[in-house]
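Both complexes shown next keep chain A, but they swap its partner, so chain B is in the first and chain C is in the second.
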Partner chain A sequence: MTASVHSVAQVMAGPAGRRGWRARLAAWRVPLSILVLCLLPWVLPSQALAVNVLIYGLVAVGYNLLFGYTGMLSFGHAAFFGAGAYAAGLGIGQLGLPWYAAIPFGMLVGGALAFVVGLLSIRTRGIYFSMVTLALAQLVYYTALQATSLTGGENGLRGFTVARIELFGWPVDFLDPIKKYYVLMAFAAAALWFVSRVLGSPFGAVIEAIRENETRARACGYDVERSKVIAFTLSGLVCALAGTLFALHLAIVPLDTLSIQTSGMIVMMTLLGGAGSFFGPFIGALAFLLMEDVVALWTPHWQIVVGTVFILFVLFLPKGIWGTALAWRAGR
Partner chain B sequence: MSAPLLAVENIGRRFGGFVALEGVTAAFEPNRVTAIIGPNGAGKSTFFNLLSGVLAPSAGTIRFKGRDITGTPQHRFVHLGIARSYQITNIFPELSVHENVRVAAQAFRARYDIWRPREAMSELDAKADAALAAVGLIGRRATTAKFLAHGQQRALEIAIALVADPELLLLDEPTAGMGPEETRDMVALLEKLAADRTVLLVEHKMKMILGLSDRILVLHHGRLIADGDPRHIQSDPEVRRVYLGQNDGYA
Partner chain C sequence: MDAELIAMQLFSGVALGAILVMVALGLSIIFGMLGVVNFAHGALFMVGAYAGLYVATLTGSFWWGLLIAPLAVGAFGMLIERVLIRPLYKRSVDDPLLLTFGLGYVLVESVRIAFGNEGMPFPTPPELSGVADLGIGYFPIYRLFVVGVVAVVLVLLWLGLEKTRFGLIVRAGARDPQIMRVLGVDVAKVWLMVFGLGVGLTALGGVLAAPMRSVDPEMGALVLAEAFVVTVIGGMGSLVGAVVAGLLIGIAVSMTALFAPEMATIVMFALMALVLLIRPQGLFGKPGRA
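Now for the complex of A and B:
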């Protein structure tokens, strides 16, 4: 009898204890992420890889807001990433915007595009939603391909190199990769903080409720369609920010930025790391790009290896790297 | 006779050529329990879906507290004061029991706030816990909802509806799929709720309905064929023919 009482007490303490470390982890998730991002250029094999992890990790974070937390599988998020990149490049090259104005400009364009695509696509659900986002993203891709005079078509957008920036009066050599990394990182850190606030807000609870049960969320008094459009737009905004950073980093915008391959890669990174978790997307981006880097050393067909790993994850570890680690830790 | 809380006039719903409900007129007074019965396919669920805004009627009007609410979008209904449960358990499976009810309470406080921390609205926790206590689930508040027993999930769904403090509570087969013991608990809960609320109830368990309701509506082939107190309904020859006599299990 005593034994069973004891085990009941343990069972009761179990979830509370788990909630304890999870809550602590959640409270520190932004400072922790920033710390890791600060260390990234020094622990990864190359600085180029670090900046790619930063940018693609941020795209995946933005995508995760929609896919992982709202439960909507978009196949067109390259459109917002690319729109941010093209708009930032055009803003600097054509409109003569300073680099720091090109970032909000790119976000505005990418966010507006996400709002429109969101409005059109949320009328459908499931596979149809994915197909509508894919089709609209392809529309953006072909527009960029055809509007050669503006976008450079197949050659990508060029001619907006930012070599030198002023930071609070201090000149910074923007061609120095490590300095550039930390400037771009500051924006990514701000975005992470923003996403963390959104996820912890009442609206964050609403989108999770929609993911869990759309019918019930509606019956609870939430305007599901409007909430989805807001989530879609916020997600697009973050991806567009990543796009502007990408443009500043490369000083060109390849047409590929808008391609279906990019959309697919965003989905893969998010799933690989763990959709619906805060750290998952960055871990997914890191794992994906590391694999690409390492495998590409001995075979040009690195996609075969990465693709196989991805399939294995979807089949056997659908919660991704971080989600599986969390579940394993909680189950112990 | 007091003014009706809810009044439907000649409402109907067609799906293409199929008439699911036609020409139903009824008024519901406050603080009474009304059961809606009828054989499968009689139009009970359609009737409920019209009353909760899931479907818009293709004919007729719905008035709530004297106001025409026909065609109001579904998500507005709970704000008007009409909450419902579903025939098939409809909860947020991956959220904790407490979060299930909290998010329902939040709809009256913050729907689009993307900035303030959730924890700042601590009054929602108190509201959620009060609703959980009312249905006897307070001890399971930290449990992930999908791990609850079936009967407890149904009770959770009622807590989700209750936290809205609705004037009209629509319950679609609250004891569906329950064993005798769970049913007894649910009936006790419903009796408690019925004391100070207006309840509309779709149910199959006849014994339970007769004990619980003040009034019974009988639907058959999408039409209202009888409307009255339980004693009157039991002796109605038409009702006996289409419903009660069919299956002794119900009677």
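Now for the complex of A and C:
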């Protein structure tokens, strides 16, 4: 069993091994990502944009684990992002949890939700899977809309502002955007390291094998269903973490966090950047949010531009920005 | 709770279900033939409603809107298939899905630009307003009309698929497009027509639904999810399944609204989860296709 896992991993690593720069890039992908994230608030036009890229980039990283690496096109990841955000907000506002406990609490709730949705939706394959995840996410959305007393319904969840935190005895002003950015970034960095480890593990090789050929992976003796549920849950867990960071950042959770538009945005970001690549999701989030910012300057209807660009990407550059750049570099 | 109220609510559910049947049938026909899930289906439902409103205001008659809007939006659907979806047939099944999702985005925003963000009322045509006494209670005439139109469309569709040469080609093409090509059928043309037909059906659903509610750019999002629920419950690609599940969901939502209004939208998703647990291929789906 172990031997065959390693051989799959080696086969995957094969072409990269021959092209040295790719292997080196892969080995340094986590420190490199963290370095770029550290610089982000200083190179982007606004710090608000930087924190959005951080949070949505992390959601896309979590989503990429499922869509890019396992090959399952979910249209319901807003549910886990939103569940993490709502749970963190409720944890602080209602249960009186400190901010650092609200984060694991949000992940627990979002991860548990992802586990249940995963169990249900992997009973279907391909196109059905996309439809079922979308429908189940709508169920979460309408539940949050109706449970007004708990979630605030259409007004969103309010009343859990974290103004000041203690970091190892040091007081940190959480209203200072730059300090807040670096606190949130520490969690995102840990998640990136975790995702990188998952992808480099034998399990990472198995989910890629499922993406490439599910029947063959099954024939090789892998428990495809179990791997899919694990991938789904891990993916939801990372999205839930991003959700908790989102709640801490905004100090309000809009109902829109759970909407189909958010799910779609996650899909778009991942695809724009390059599904199935490590840097793709962050590049996609950056591209999407920059495009939104720039287009919103001259028209409130930025979605029409973003949608058109997305259609063009599906038609002509399905590998996304980073995936296309990699293929172009490799093809030279 | 008296029997008359329950009967009225039940009938309300049938009318609601009839709309869902139109949308889900369009989705199912397109999927059964082309293997494409149209994620712009909800947006096209909304475009249908706006087109109906536009034509009705222009001509001053609801009937022209009802007639022209589905045809125009159906033709627009054919254009979409020809220009955007056809290049994707040889690629992964996810690609048309992603593309139509992006298209839905663009359509919603285009309607916002043309008609504004706010919802608009769609008046019930005067000749169809009011209620009719059917002996067991008073029913809105417009809802009776909706059920009647959908029934007629269903019969026409059934006749078209079962009794005409085109229907024969469609059914055969759904089973094996390769053989159809070998036999000299222009499959591309058939797919174009089928996509137009599916889009036209959802647009008709949009026009019919509009007077029972108002029209707004976001109205397609919930309808899309509802249509997915219906097709998952009925069994993807099964036309009988779409009809039965559509009516079932309409009645379930309507009856829940009577007893526990806050659960009305949630109940259909719970039903879908139940079907997935017990029979993942759907009520009328063939095992192995799910």
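As a convention for this text, the second predicted complex is superposed on the first by the 314 of 332 C-alpha atoms of A that agree within 3 Å, B and C clash if a C-alpha of one lies under 4 Å from a C-alpha of the other, contacts with A are read in each partner's own complex, and residues count from 1 in each chain.
The working rule: a contact is a pair of C-beta atoms (placed from the backbone, for glycine too) under 8 Å apart; a residue touches a chain by one contact, two chains touch by 3 or more.
Bear in mind that the values here come from a model prediction, so they are computed numbers and not experimental data.
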- Looking at the overlay, does A:S46 come into contact with chain B only (first), chain C only (second), both, or neither? neither
- Query: Which partner, chain B or chain C, touches the larger number of chain A residues?
  - Reply: C
- Query: Who does A:E212 touch here: chain B (first), chain C (second), both, or neither?
  - Reply: first
- Message: Let me test your reading of the model: by the given contact rule, A:L234 touches which partner, first (chain B), second (chain C), both or neither?
- Response: first
- Task: Considering only the touch criterion stated at the top, classify A:Q94 as touching first (chain B), second (chain C), both, or neither.
- Result: neither
- Touch check for A:N155: first (chain B), second (chain C), both, or neither? neither
- Query: Which of the two partners, first being chain B and second being chain C, lies in contact with A:S201: first, second, both, or neither?
  - Reply: first
- Between chain B (first) and chain C (second), which does A:C220 come into contact with in this model arrangement: first, second, both, or neither? first
- Task: Spell out the part of chain A that touches chain B in their complex, as residue ranges.
- Result: 15-16, 19, 197-198, 200-206, 208-209, 212-213, 215-224, 226-227, 230, 234
- Query: If you look only at chain C, which of its residues touch chain A in the complex?
  - Reply: 31, 35, 37, 39, 84, 87-88, 91, 93-95, 97-99, 101-106, 108-110, 112-113, 221-222, 224-225, 228-229, 231-232, 236, 262-263, 265-266, 269-270, 272-273, 276-277, 280, 290
- Seen from chain B, its contact residues with chain A in the complex are 52, 73-79, 83-84, 86, 90-95, 99, 102-104, 106-118, 121, 142-143, 160, 164
- Item | Parts of chain A lying in touch with chain C, wherever the complex brings them together | 73, 75, 120-121, 123-128, 130-132, 134-136, 138-139, 142-143, 145-146, 259-261, 264, 267-268, 271, 301, 303-304, 306-308, 310-311, 314-315, 318
